[in-house]
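The same chain A turns up in both complexes below, where it pairs with chain B and then with chain C.
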Partner chain A sequence: MTAPLGLRAAIVSLTVFGVFIAVWQLGTQGSGIAADMTPEYAKLVGATASQGVSAMPGPGEVGAKLLEHFADPFYDRGSNDKGLGIQLAFSLGRVLLGYALAVLVAIPVGFLIGMSPLMSRALDPFIQILKPISPLAWMPLALYTIKDSSLSAIFVIFICSLWPMLINTAFGVAAVRREWLNVARTLEVSPLRKAFTVILPAAAPTILTGMRISVGIAWLVIVAAEMLVGGTGIGYFVWNEWNNLSITNVIVAILVIGLVGMVLDQMLARLTRLVTYSE
Partner chain B sequence: MSASDKNKNAHLHGTNCGCGAHAHDGESTPLHEDSEENRLTAYTEAALMRAIIPDAVTRRTFLSAVGASTALAALSSILPLGFAGEVLAQAAPLEKKDLKIGFIPITCATPIIMAAPLGFYSKHGLNVEVIKTAGWAVIRDKTLNKEYDAAHMLSPMPLAITIGAGSTAVPYTMPAVENINGQAITLAMKHKDKRDPKDWRGFKFAVPFDYSMHNYLLRYYLAEHGIDPDQDVQTRAVPPPEMVANLRADNIDGFLAPDPVNQRAVYDGVGFIHLLSKEIWEGHPCCAFAASKEFVTQLPNTYGALLKAIIDATAFATKAENRKQIAEAIAPANYLNQPVTVVEQVLTGTYADGLGKVQTVPNRIDFAPFPYESFAVWILTQMKRWGQVKTDIDYAGVAKQVFLATDAAKLMKEVGLTPPESTTKSFTIMGKTFDPAKPEEYVQSFAIKRV
Partner chain C sequence: MGQERFISIEGIARRFPAGGGGALTVFENLWLQIKQGEFVCMVGHSGCGKTTVLNILAGLDKPDGGAVIVDGKVISGPSLDRAVIFQSHALLPWRTVTGNIAFAVTSRWPSWSRERVRAQAQRCVDLVSLTGAEGKKPAELSGGMKQRVGIARALSIEPKILLMDEPFSALDALTRGSLQDEVRRICRATGQTVFMITHDVDEAIYLADRIVLMTNGPEARIAEIVENPLPPERDRETVHREPLYYPVRNHLIEFLISRSRALKDDARFLARDPRRPQIVRPNGAETRPQPSGRAVRMQSSLT
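Let's look at the complex of A and B:
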């Protein structure tokens, strides 16, 4: 008799996790040999130097730190030391703002490109050149022209979420089936109504796929952008803890970044499922 | 609107403010407390001084030329007014109270940072937010685009910005040095037997920034030992926080870095302190408090109060008995984000050297605010020496324009320090004497140079 697939998958997942934790624990044992030094000297250096403790934290330490952060996510001890929750809120705020701006630009322009072969041909070279540019490459230029680091970060999010949405929207709109457009034409539907009642529902799954890709990229980029400009946000948190060589906190941040990224992605996946239709 | 509100507004907006939210003539300020009256007198005097010489630059030049008290004495002989205080940055209303100051999390920034938790800014009527910043280029850009009112910079940076080396040229000023000494050469543990710089050919070194004392001192040290810093070794700019990690990862062989980076490398067992920078040049300037010329001239009272707070904090930091308290105040995550013991070892000068010995060097880092113009001249000679500046430099002119020695001297007296008599001095670096009057000859005197 075999157990249901879900259960088997869960068992495999747990085993992988268990092996990973065990290897991690073993790998961070450290030499454990106390170095040969006077007690006064040993007091002045860290445990890594004096007792051979591994510089890499073990799973226990990371777990404890994680609980500590979850217990008090919104503390505020001055402008350079805020809780993980506050930092995440700053990052999410920037991502959502930049992303919303990108939606406002990408979807109308994508419609235009998708519906007009002329515009499609005319704008194509620009899109092809601008698309592959790493969003962070815009950062110095943004800092120099916008003259505000927070707005620059938002601009970088905007520019990186723009292209997947734009291209997917254009593609989705252009790929709406001829028959449906012809029916609309036969019924003498106004262009605006055609766009909203025929093209939009037909292209919605493709558009949302583009939006899903975009939000993923935006979340990837915000961490890097905040590491560059500093101040607030989860990226700044990583940088600040890196500054303190606190690998434990860096790992905690990595886990949290992963979790939030997954939630964002799942939200758009749900939305995509809502608008998906079968022919 | 209550009287106290009005008074607050007058202070917030200053006399030249055209916002209309406050009275300019002083008739509508029925204040009762003595202190308020005193402040009002000073306020009227300052306003009068402004009315007589409206242009901020001229006024400041005039005041510093004749001395504020002389100017006031002269004025009060003509005008029937009871002049009570000095004009520059005394009880005169602050144009702006909420300030943002950027810093890099290193012990060089001690006076700027500690002035926040230990209340030096609030003592001088300012509400300052000190903001940790990711790197020197970012701090430069954020100050240039006015997100920060003033910043912690490396002392060559205001000079470089002013003459436009490595950035757009913006007139910049450096009203105070923050710390002297306070750097060290740290090498990876595997090089503990290579203590002679002649064995360092092929090494990869890190310095915090191209325009830094660290870069110039490392180059100087190497060149004096016959190692060409451009050809025999590699030097690259690495932000201080990443240096220890790079040393651990074996990406670099060593660095000349600001503390606490050196001590942190020892703390984590990845490096040892080869040489303190004070052994290269005893009393060299390191980091600085910098602000744009615009800030200094347009908000003279705020600038005065801020500089006074910094000099006051510096005076506090000079005393050895305060160092432990400072270490505890600046070590938390909000500021340096380092273990307290690391910061304490740097500030007290009793430290582990990474080779198993406890060393005692009380002036490993010291704090002395006076921005000698000859420091600036030396820095400019090194920019010239290493080819960062190709054109001719007006050494003395740039030094005088950027390093505001006169202001610092005046405010040092007010907080009880004794400023030096002269704004220039000669000094000796690794046995070689520098004469600030002959910068070009000094540049030419080196065997290894890029001129």
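Let's look at the complex of A and C:
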């Protein structure tokens, strides 16, 4: 008799995790005292050179740091020393603002493109050219025109979330089954009511898939954007800790970025499931 | 009973652009009248333009020539007066059974209260014997049940005309039979005017008052109109024992097998006035079409 799939998967997951931690621990173990040196000299060259302590923090150190951050996430000791929670809140705020703006633009414009073959053809070249541009390439232009680093970051999030949502909405709307539209036509349903009661529910799974891709990209881009604009946010935190040579904090931040990204993705996945229908 | 020309198809044509700048004429100068309360089936091979005729009647397609007059008015597009039952049932999969029907009811009577809409939807659910399945989504229903919902949705708006595009062709024989019974019962009780397209000769004989036969496409024509000689009281159990059942059936089958194709090269047929198709009433003795609508004895073979 075999255990349920979920249990077996959990066992494998834990094994992989255990192996990873073990390798990490082994890789970051010190090599012992490197050479005899006077205490003054040892202090001067640092623990890595004098005692063979690894420069890379081990899992224990990172774990302790993580707990420390979780214990006090919202402290604020000046502009270069804020709690991880505050930094995350800044990043999330920017992402949600830029993302919400993108939703407001992408869904109506996507509807327009999806419903009108003329607009679809007319706007296609613009979309094809704008879509592959790295969102960060917009940053100097945004800084120059908006003249505000935080707003520029929001703009970058806006521009990178826009395309997947726009393209998916247009595709979803254009792919609504002809027979459902015919049902609406034979029932003399007004265009607005048709948009909300037939096209929107029919295209909703595709639209939400686009929104899920977008939120993922937005979360990828915010880290890079904040490294550039600085000041606040998890991206800035990572860069700041790199400048402090606090690799432990950098690793903690990487972990937290992953966790938040996963939560965002799962939220959209749940929403997608709510509007998905089976035929 | 109501008007003689409740539906009047007057010389409609439909052409589709074909390769090389030409046009493919599906049919041309097609004339057909349907009385109020009448059940008319159109039978013909694939490609004869039956569905195009139905789509034009529904207002989903526009003729390239001619016009369709319904209840004294030229139709210009889809209307709530003409309900369509689609071959693929075309239910909205995110709505429940009641939700699908209520969607049609609120389209018909936007000012109705929620309770009134619900009551009308429920009445239609009961009418097609779906009581108990109100809260189910289409994906949870069998093919026959889905088509019942399609029928209920069409009837819920109390249309003047019911248009059916091979509504039962995707169903198994048993389900098809019970749905035919259901449709026949409802339409006879309400005096519904119905135009239906079908491939199925037995279905046409069981349901229709008149059967319109189309020659093969392209450039299809109405070959003749068969008046169903079976009594209006038909019972599925015994209908095939009616003395005239097999004469009608043989007539239709023979038409589909050979005459639907042969007539296209028949100069005498092609010279006929398309406004007055031949009317045939198979009466047990072999009959031949007569222009006057009277059927007479026929010689041994068709020439």
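As a working rule, the second predicted complex is superposed on the first by the 274 of 279 C-alpha atoms of A that agree within 3 Å, B and C clash if a C-alpha of one lies under 4 Å from a C-alpha of the other, contacts with A are read in each partner's own complex, and residues count from 1 in each chain.
In this section, a residue touches a chain if its C-beta (ideal position, glycine included) is under 8 Å from a C-beta of that chain, and two chains touch if they have at least 3 such contacts.
This structure is a prediction, so every number in the text was calculated from the model and none was measured.
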item: When chain B and chain C are modelled together on chain A, clash or fit; value: fit
item: Partner chain in contact with A:244 - chain B first, chain C second, else both or neither; value: first
item: First, second, both or neither for A:279, with chain B first and chain C second; value: second
item: Greater chain A contact set [chain C / chain B]; value: B
item: Contacts of A:201 with chain B and chain C, given as first, second, both or neither; value: second
item: First (chain B), second (chain C), both or neither touched by A:179; value: second
item: First, second, both or neither for A:188, with chain B first and chain C second; value: second
item: Closest approach of chain C to chain B (Cα atoms, Å); value: 51
item: Of all residues in chain B, those that touch chain A in their complex; value: 105, 129-134, 138, 141-142, 145-147, 241-242, 244-245, 248, 264, 266-269, 332-335, 337-339, 341, 345, 351-352, 356-358
item: For the chain A and chain C complex, residues of the former touching the latter; value: 177, 179-180, 182-183, 185-189, 197-198, 201-202, 275, 277-279
item: Interfacial residue positions of chain C with respect to chain A in the complex; value: 58-60, 77-80, 82-84, 86, 88, 90, 92-94, 103-104, 107-108, 137-139, 157
item: Of all residues in chain A, those that touch chain B in their complex; value: 35-38, 40-41, 43-46, 48-50, 55, 77-81, 143-144, 147-149, 227-231, 236, 239-245
